[in-house]
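In what follows, structures are represented as structure tokens.
Shared chain: chain A. Partners: chain B in the first complex, chain C in the second.
Moving on, here comes the complex of A and B:
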């Protein structure tokens, strides 16, 4: 014990403040959330919650809206992350070339990321107005029919997705650009000498060597997008039309903070946590195995 | 001392310092100074300017007290105050709408106002200013109103309409495609047509209401069906309202002179003045078919006192509260922002009595009906909203929407009560 302390006291002392903060702001609420997930805590039972077992979990999986909300969450996450990856990596490859004014392009493309999400979301909402919004004005100018972005169930989901793609691609672009700059030029030169074309170099050099940076970025992007409340909540104006534009987190938010159904919302949060944890474990395992095989 | 030992000592001191700093940050500090009173409020920017002036004056004249305020969005204030007060903390005072009384009283996080102020003091307020729940008053009213009125651009509408028929006629005359591009660019009537709060005045004019005396929803009624059809007709049959007319759009169009009339509350009037739009306030018209006036929801806004404060601090807060709702401050709000005072002396003040806007707003107030302050109202709003939107979007008939909102409201209330 004495030798352990002599050896590790210093690093443990250094991490102690951070560990205390983590315990207080992460671990404690996390455990508390699990506990109240099994209680009937709500506005009416705030001071005297009772144990209700798995009641909330049964309610969650038998609610008529759950399939639709889950499907929309999957669409929201997959489309956003795929678009972020495609646009981010594509633009990074373009910006990695010797282009005149590259610095200006980089600054402009990072701009959406630098804007506060709240303001961006509300601006996009205004732009999606049927009659006066910029998006429909442009469509009309192109002799295309105006789209009911805020009135139709499907377009109302498309609108926040577009806004979030605009907001999110710079992150992936920056990550990919960093990864591209770490790929040795000699590999491309050798491939060119061997007669490899652009597409072949992309598939066999660029993408495999970007994988170590793109895998964690994709995991992070998926978790952030899955849990992104602000954009869809604000662009759809709290789930309009007719509460049809909800993903799991907005659904939980409404249950907790509009209806004060704290026990139910906590149980829902546990379900979301398990879903995300399963995804991350599966994704890391799958990409790790392929990486090893490749 | 070796370098390694020195590093150990330094790191130990550093870690202890950081830890103690965190603990110190969590505590209130040990220094003596003026007693702090914390106010959380949801006021509009113009209201906050006036409040700050009076709070500065209060702080200057009370060396032993320091009042600070923080602005919140209504929903944030409600949630954060509930959480903080349940944990034994939170601000001393909150300013918000009367319907905060529902969750605050059920969670027992505020003092009943009638238990901390004597009856003769409360008798100084106009009786209509108070909301009661479970036999108590939970908010000391600072303003009366928070209701909708008809607002006309007097350059366009010389005499505000008295009936729905007149309103539609005036609005139809103004609605036009002025530049001939096939798209209408000015409308006769604009209002937030996505929020059921704006639907309620019309519901009242057809003889309906949102809940009964036992707080059960009363949404699946012939009155609701007629109301939904009427509001849908304003847009889809008469064409006097734009599609997807939300608050922002209606506010902007009215401020740009592209709308003849709008329906909005006292919080908007100053903005129209600043935009240079000459406005006339009037009651939302009468329904000539039923003979009933439109019935907007009326309520008060005011201060609630955190249940966790006691003793000397409670006395300090009460003194501040009396100042914040004093006739002097209420007259300032009334004359600058046309807010109806809650205290009799301010209400009867000649400077307030002569204001046309206060008179028109008061007339509308008297035609209104109190907004229920029970938490069930939230479930009713949320049940009405989607069904109302579905009617406007042509995705549901008024009959189906009325049935759906009733069913949804009953379910949501049941879920809320757990």
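Moving on, here comes the complex of A and C:
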């Protein structure tokens, strides 16, 4: 033990400050969240919360909106991640070719990512304004009907999705570009001599070899999108119209910080956490097995 | 199967000087042609041009009867083996070999027969289910070969396929590739920068330098009648010694030493004042103690086992001689060098072009 301490004291000392901060800002709230999930903490019971067992969980699963909010979360996540992947990989393939002005295109395409989400989300909100928004102005200029981006339940979900696709594809593009550049060019040349066209090369070489980088990026992207509060919250202006534009996290956020239902919101967070955890475990397992089978 | 014929090929990358400056090369049907030359001379470029990966600026490429200048790679029906093998890392050996057949939509059963046939030929039968990363260098090389032969192409192109292998494996794969060619008789253009590989494998050899062909001949032809100084020093190891020589009263003179033997007519016709180059292979230099011939000092002795390389300084420059067995001499010894002028090669000192046929009048025997 003495020798262990002597040997490792220094490195542990060095990581101690970071470890303490992590414990305070990650682990402590995480555990505290679990504790209040089983209590009736709210604005009325802020100082004197009582243990209420699974009561919140029963409420959550009998909530009338729960199905619709969950469905919208799935749509939000799937559409966003799919679009990020498609646009990101597609643009990366284009950018990976030897085109003139490649550097300029690359810089331009990374720009959405370089801006703070808040600014972008609020800007998009302005652009989706029915009367004066850039989007509808353009639609009118093209003699198309204006779209009620903020008044209609479905368009109100489409608007933040569009904003978030714009925000999120550069990440996938950069990841895919890195992956593409690590694929030796001889593989393509060998395939070309073998007679493979670009579609065959894309399916049989590019995509399989991008998989190792795309799988973790997709997992991360899914978690981020699933839990992305800013964009949908700001673009839909806190869930308008009439709290129809919610995904699970914005719903929880509103419950906690607009309605002060702390215990309820904490329980809901636990549900979200378990949902995400099971997704990640399942997804990694599924893609891992396929990877091994070729 | 078909011959590969290049006529006046010029190739530039971008706007610079041409990398290939008018290449004329004929690889006959079923021939094993080795293309050898120093790094950067344009060997890979020739293969890329033949395979269609690069376009040419002028000239004509013919594969069999067909001029393929503008044909994309897939229409040329050739197979290429890359230096780093270019195996698909995510595909098993079987699928790697089957790749080209699948591209061509060959029926499944036929693919299976062909892949197993190729694997059998290359001793890969037990490895079909492995991924490339689970194979040794030599096995990977064989998979790359399998991928090339399974399609039964019109011609093979090899780009330094053995340079990533260790010395022993290289010798073994050299023999395997030669044996494979004996069996399949597929027209082959084989690139290497290793002159030993060229000499041992090539039915004919083309020596390339700075984008220009220096000489094409059978291996012993290159060795015995190098067309110029470059070929003379490039082929053979240790390389041919090159010494300044001159005519002294009609007789051959090197350094302070004047030989009694005659020289080729071309030399005799040259003005006595002009010098030329004498090339002599290390094995034709004889090291002895009698004060006869070129005086020399031993700088270094490399024992090679069966023979020794002796590096010496002479009044006419530094040379290397090869002696059978272990040298009894040591560093700094004073010795004399003798050679049969009949074994010497003569080159123009400016252009490096060969002078005479190498057979000297008055050659004994």
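One rule holds in what follows: the second predicted complex is superposed on the first by the 277 of 294 C-alpha atoms of A that agree within 3 Å, B and C clash if a C-alpha of one lies under 4 Å from a C-alpha of the other, contacts with A are read in each partner's own complex, and residues count from 1 in each chain.
Rule of thumb we're sticking to: a contact is a pair of C-beta atoms (placed from the backbone, for glycine too) under 8 Å apart; a residue touches a chain by one contact, two chains touch by 3 or more.
Here the structure is a predicted model, which means the values were calculated and not measured.
Asker: Could you check whether chain B and chain C clash or fit when both are placed on chain A?
Answerer: They fit side by side.
Asker: More residues of chain A are touched by which chain, chain B or chain C?
Answerer: Counting contacted residues of chain A, the larger count belongs to B.
Asker: Is A:13 contacted by the first partner chain B, the second partner chain C, both or neither?
Answerer: first
Asker: Taking the superposition as given, does A:194 touch the first partner, chain B, the second, chain C, both, or neither?
Answerer: second
Asker: Where does A:45 make contact in the superposed view: on chain B (first), on chain C (second), on both, or on neither?
Answerer: first
Asker: Kindly classify A:186 by the partners it touches after superposition: chain B alone (first), chain C alone (second), both, or neither?
Answerer: In the superposition, A:186 contacts chain C only.
Asker: A:241 contacts which: chain B (first), chain C (second), both, neither?
Answerer: The first partner, chain B, only.
Asker: Could you say whether A:97 touches chain B, chain C, both of them, or neither, answering first, second, both or neither?
Answerer: Touch status of A:97: no partner.
Asker: May I ask you to decide whether A:132 touches chain B, chain C, both, or neither, giving the answer as first, second, both or neither?
Answerer: The first partner, chain B, only.
Asker: With both complexes placed on chain A, how many Å separate the closest C-alpha atoms of chain B and chain C?
Answerer: Least C-alpha distance: 37 Å.
Asker: Where on chain A do chain B and chain C both make contact?
Answerer: Residues common to the chain A contacts of chain C and of chain B do not exist here, since the sets are disjoint.
Asker: Touching chain A in the complex: which residues of chain C?
Answerer: Those in contact with chain A are residues 51-53, 72-74, 76, 78-80, 82, 84, 86, 88-92, 95, 99-100, 103-104, 147, 151.
Asker: Going by the contact rule at the top, pick out the chain A residues touching chain B in the complex.
Answerer: Against chain B, the touching part of chain A is residues 9-10, 13-14, 16-17, 20-21, 40, 42-47, 126, 129-132, 140, 148, 150-152, 237, 240-244, 257-261, 263-264.
Asker: Taking the touch rule as given, give the residues of chain B at its contact with chain A in the complex, in rising order.
Answerer: 7-8, 11-12, 14-15, 18-19, 22, 75, 79, 82, 86, 103, 106-108, 183, 194, 242-244, 246, 248-249, 375, 378-379, 382, 385-387, 389-390, 392-393, 395, 412, 415-418
Asker: In the complex formed with chain C, which residues of chain A make contact?
Answerer: Within the complex, chain A touches chain C at residues 184, 186-187, 189-197, 200, 204-205, 208-209, 211, 294.
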